[in-house]
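Next up, some structures in structure tokens.
First chain A sits with chain B, and in the next complex the same chain sits with chain C.
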Partner chain A sequence: MSVRGWLEERVRYQGVETFLRHKEVPRHRFAATYYTGGITLFFFLVQVLTGLLLLMYYRPTADAAFESVRLIMAKVRFGWLVRAVHIWSANLMVLGVFLHLGATYFGKAYRRPREITWLTGGGLLVITLAFGFTGYLLPWNTLAYFATQVGTEIAGDVPLIGRGLLVLLRGGENVTEATLSRFFGIHVAILPAVTTLLLGLHLLLVQVHGMSRPVAVPETGSEPFYPHFIMRDVLVWVVLLGGVAVLATLVPWELGEKADPLAPAPPGLKPEWYFLFMYQALRMLPARVLWVEGEMIGVLAFVLAGTLLILVPFLDVWAKRERRHHLFTVAGVVAVLFVIAMTVLGLRMEF
Partner chain B sequence: MSPVLVRRGVFLAGGVALFILVLAGRAAAAPPPDSCVGCHENLGDRLSKPVAGMKDDAHAKRGLSCASCHGGNPARFGMDAHDRAAGFVGVPSPKQTPQFCARCHSRPEVMRRFNPKVPVDQLARFLTSVHGKRLAAGDPNVATCTSCHGVHPVRGVADAASPVFATNVPQMCARCHADPARMGRYGISTTQFAQYKESVHGQALLDRGNRQAPGCNDCHDNHGAVPPGVTSVANVCAQCHSATRDLFVRSPHKAAFDVLGEGECTTCHGTHNIVFPTDALIGAEKPAVCVRCHPAGSSGLAAAGEIRLRLERVKTAITGAETILARAARAGMDVSETELDLNEARTQLIIARAATHTAGLPAVDPPTQAGLAAAGRALAAGQAAIAELAFRRRGLIVALAVIGFVAVALWLKIRELEARTHP
Partner chain C sequence: MNAGVVEPPGKMGRRRFLDYLFGTSLAALAGAVLYPILHYLVPPKVKEVTASSVVAAKAADLPPNTGKIVAFGGKPAIVLRTPEGEVRAFTAICTHLACTVQYRPDLKHIWCACHDGHYDLHGQVLAGPPPRPLDAFKATVRGDDVIISRG
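Presenting the complex of A and B:
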């Protein structure tokens, strides 16, 4: 019996092989947006790999965290590279997630029958941001410490559950070692586990339904998924790998000073760029609107906007009839402009 | 006697008794009348000034009155109060002042009632001071107790407004000692305060308010103020600079200065004008102080030059290491560990600088060697970081070459695939 035959009897892989051989990817003028998902997946895989390596040396205690990261940077062979790649790839992954969100939103890929794919994608978006937020604290440096203090304070503004949420996130009233150790647990155990489930389902559904063709975009043909599309996907990955290598080597991320909870907060404190639009918008709100706290209204608005975004497959009833409704296009453009404007304002603002 | 008269008499007696009782009650509640204050506060000008000043006076705060020092009978009024029989003393003359204060301040049994730790040797020390000796010789122009401590009020020495509060002492001494009109007749120079203000001690005490730093009285004594003199000035410096003193005692300068009558510390560092010492103080060329005594070409000057050279070597090594480490840090390399070596080098440099007081290489050499070694380790770490940086750049180029090759190969393969699909 041949090896293929032996394997086939046990793994039944020929079904997959046949599926792949017949899978086609549509061609049209927006076909380039199909790479956004693959790009995000690539950065995620880099994160898993580099994250596992960092885990070998990282120690999640207030006494040792900062020193262990410094050890990784200074003493561990290629530790500097692994850490720099992990940070750069994390930022690029967030960027990839945003691009993928834009591509699928404006292409209306969420319409029937891909509602569940969209929901899992929404979950993955939240998880990615949670990865960023929890990972940022782990080096236990001054900036991370105070940024986490501000960030968890914003969580405390969520109506009704805010106070409880803040204590749950911090593991107490203040950002302490308890916060560090639960952020570590969330970052390396809970989020990866949930991601694996959601990402598995997301990718499975993408295979089941195939690539979505944008509404009202004429198809110019199709090409085989394997090997044509896969090869180009891999080409993109290889180029991105080179890009990450250049960034990680030439633009290192400074570790800064070890966090001192008793020190005053440093000036110029601002969150990571992907949270900046929310932070800036909250800062610009008046302290009080009528009798309600301004920040609470802002947080409520963001929660509402996020909910609407996740539920868009069920709101956009025109899309499943292959029709574009201006409401959703305009809402999307306004949201993108808002995010860009707030981010630019946040970057320029003297903190 | 008629009943009417008897009744009147009883009323009268009752009224008088009541009046006496009220008076006695008031007398018991109020302090005994002090006619000094009562009169002097209304006399105006020179005669009422003491009354106004007494609210800040250390004696008044402890319950003493005018009569406690000036005597007399404050129960009487007008000039009757100035009762010589009751020990009245008006304004004591300068010659009387020390004994006037010493009536209490030299008596332990009196002073311990107020503060058991307060010294009672002020008069004894004053009599040994130049001020005290001149006073005894009949010179009324010298400083006595009130010249420095003030009068009406005499403030406590811990009162920051007191002229003898630590940070006020130099200015207070300078009132006389920087005045050429006062000092001219004694042939004493008046530059001390101007020099002291610019000195390392003066800047610490006057500019930074560091009360650990010495003022005039810390070297000259306060009540027993005299120039410390050649034989004892080194002991004065050693009160604070004891480690340096121990090093100096080992030097050949010790014996030589004793013979020459030089003041040890002051020979090189000066007195009122002691500036923060730099390495320029030692060496074979000006502005090194060594050249003042050691002639050109002498072995002493050669040793001084050699010591200076050792110090300069350590400094150069530290600067070199700092430069390369700063470069590595700017490029994102973690060189925080080398801070230990750099600090060690800086510490050894400090030890070596102190060891120059032995004026001999045997004491200077070990710390400079240790400093050079530590700076060398830091330099090596910096060089290793720069080399690592170059290695990373080369590694990046190699990695990019491999990645580029794979990318081009993939691209060619894709073109070939597409050519086959869409001929």
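Presenting the complex of A and C:
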């Protein structure tokens, strides 16, 4: 019996092969947005690989964390490269997630029957941000220490559950070694496990439903998913790999100073760029709005906006009838402009 | 590989040439990724502690028929005083599977708990699986200090 026949009898792969051979990717004006998901997936895979490599030397204690990262950067061969690729790819992955979110939102890819694909995507968005937040603390440097201090303090402003959330995140009242242990566990075990489940479902559903066609955009034909689309997807990946390698080599990330809980906070403290719009908006709120704390209003508004975003497949009842309602387009554009404006303001702000 | 394409003898067809380029590019890419990864996985050299002698114990803390495990050059060594009062020192790493040995006052010799290896007070194997005797160090008593040194 041939190898193919032997495998087919045991794995039954021909169903998948036939499926892939018949799957078509529509072509139209916005077909380039179909790459955003694959780009995000690529950066995620880079994160898994470089993350596993960093685990070989990283030590998650307040005494050893900073020194172990310094060892990686100074002593381990290509350690500087592995760390820089991990950080660059993390930032680009967040960017990829945002682009993918924009593409699927404005393309109304969330409409029936892809509601669950959208929900799993929303979960993956939250997980990506949580990855960024927890990973940032791990080198245990001054900037990371205070960013975590501020970030968890803001989480404490969530109405009702804030206080509990803060203690749960920090593993106590303050940011200490217990917080480092927790963030490490969340970053390398909990989040990867949850991601594997959600991402598996997300990708399975994408295969089941195929690519979504944007509402009211004329199709100009289609091409086979395999091998045409896949090949071009992989070509994009190769270009991105080269780009990340160049960025990591030419623009390294500083390690900074070891965190000292007794030292005063340094000037110029800013969160990572993808949290900057929230940070900036919260800072611009007055200390008190009527009788409540301004920050609490802001946090509540962001929680509400996030909830609306996640629930959009069930709110946009026009989309499943293949119609565009201006409300959702306008809301999306306003949100994008708000995020961009706040980010720019945050970047320009003098500290 | 493409049955429909007839290649002129002695010449590489366009299709085969492209396949060749594709394959070698993939191999180069894989090499460029794997080279740094494999180097990364090799642990960097840690400075080896190469003390040639160390104060292992106070003579008063080492009565006859006792032994003590001390660090010598980053590895465990055993320093002991025989029931006759002589001070000796050996590597404490069992020659069988590298467990750390201990002094057994009841047996009056050195014993490894992992696989029941027995050594006499010269480091020679008495019983059990160890294939070689324990390496001996020089042990001297200078004043109140027990000093062990190599060779």
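FYI, the second predicted complex is superposed on the first by the 351 of 351 C-alpha atoms of A that agree within 3 Å, B and C clash if a C-alpha of one lies under 4 Å from a C-alpha of the other, contacts with A are read in each partner's own complex, and residues count from 1 in each chain.
The criterion applied here is as follows: contacts are C-beta pairs under 8 Å (C-beta built on N, C-alpha and C of every residue); 3 or more make two chains touch, one makes a residue touch a chain.
Since the model is a prediction, treat every value here as computed from it, not as a measurement.
Novice: For A:T249, is the partner it touches chain B (first), chain C (second), both, or none of the two (neither)?
Specialist: The first partner, chain B, only.
Novice: In the overlay, answer first, second, both or neither for which of chain B and chain C A:V82 touches.
Specialist: The answer is second: A:V82 touches chain C but not chain B.
Novice: After superposition on the shared chain, which partner residues are touched by A:R70: those of chain B (first), chain C (second), both, or neither?
Specialist: The first partner, chain B, only.
Novice: Identify the partner contact of A:V239: answer first if only chain B is touched, second if only chain C is, both if each is, neither if none is.
Specialist: In the superposition, A:V239 contacts chain B only.
Novice: Is chain A touched at more residues by chain B or by chain C?
Specialist: Comparing touch counts on chain A for chain B and chain C gives B.
Novice: Have a look at where A:H228 lands relative to chain B and chain C in the superposition and call it first, second, both or neither.
Specialist: first
Novice: Looking at the overlay, does A:L53 come into contact with chain B only (first), chain C only (second), both, or neither?
Specialist: Second partner only.
Novice: Touching chain B in one complex and chain C in the other: list those residues of chain A.
Specialist: Touching chain B in the first complex and chain C in the second, residues 81, 238, 241 of chain A appear in both lists.
Novice: Give every residue of chain B touching chain A within the complex, in rising order.
Specialist: Checking each residue of chain B against chain A gives 331-332, 334-337, 392-393, 395-396, 399-400, 403-404, 406-407, 410-411, 413-414, 417-418, 421.
Novice: Residues of chain A touching chain C in their complex?
Specialist: 53, 56, 71, 75-79, 81-82, 238, 241
Novice: Would you tell me which residues of chain C are touching chain A in their complex?
Specialist: That would be residues 29, 33, 36-37, 39-44 of chain C.
Novice: Across the complex, what residues on chain A touch chain B?
Specialist: 70, 73-74, 80-81, 223-224, 227-228, 231-232, 234-235, 238-239, 241-242, 245-246, 249-250, 252, 254-255
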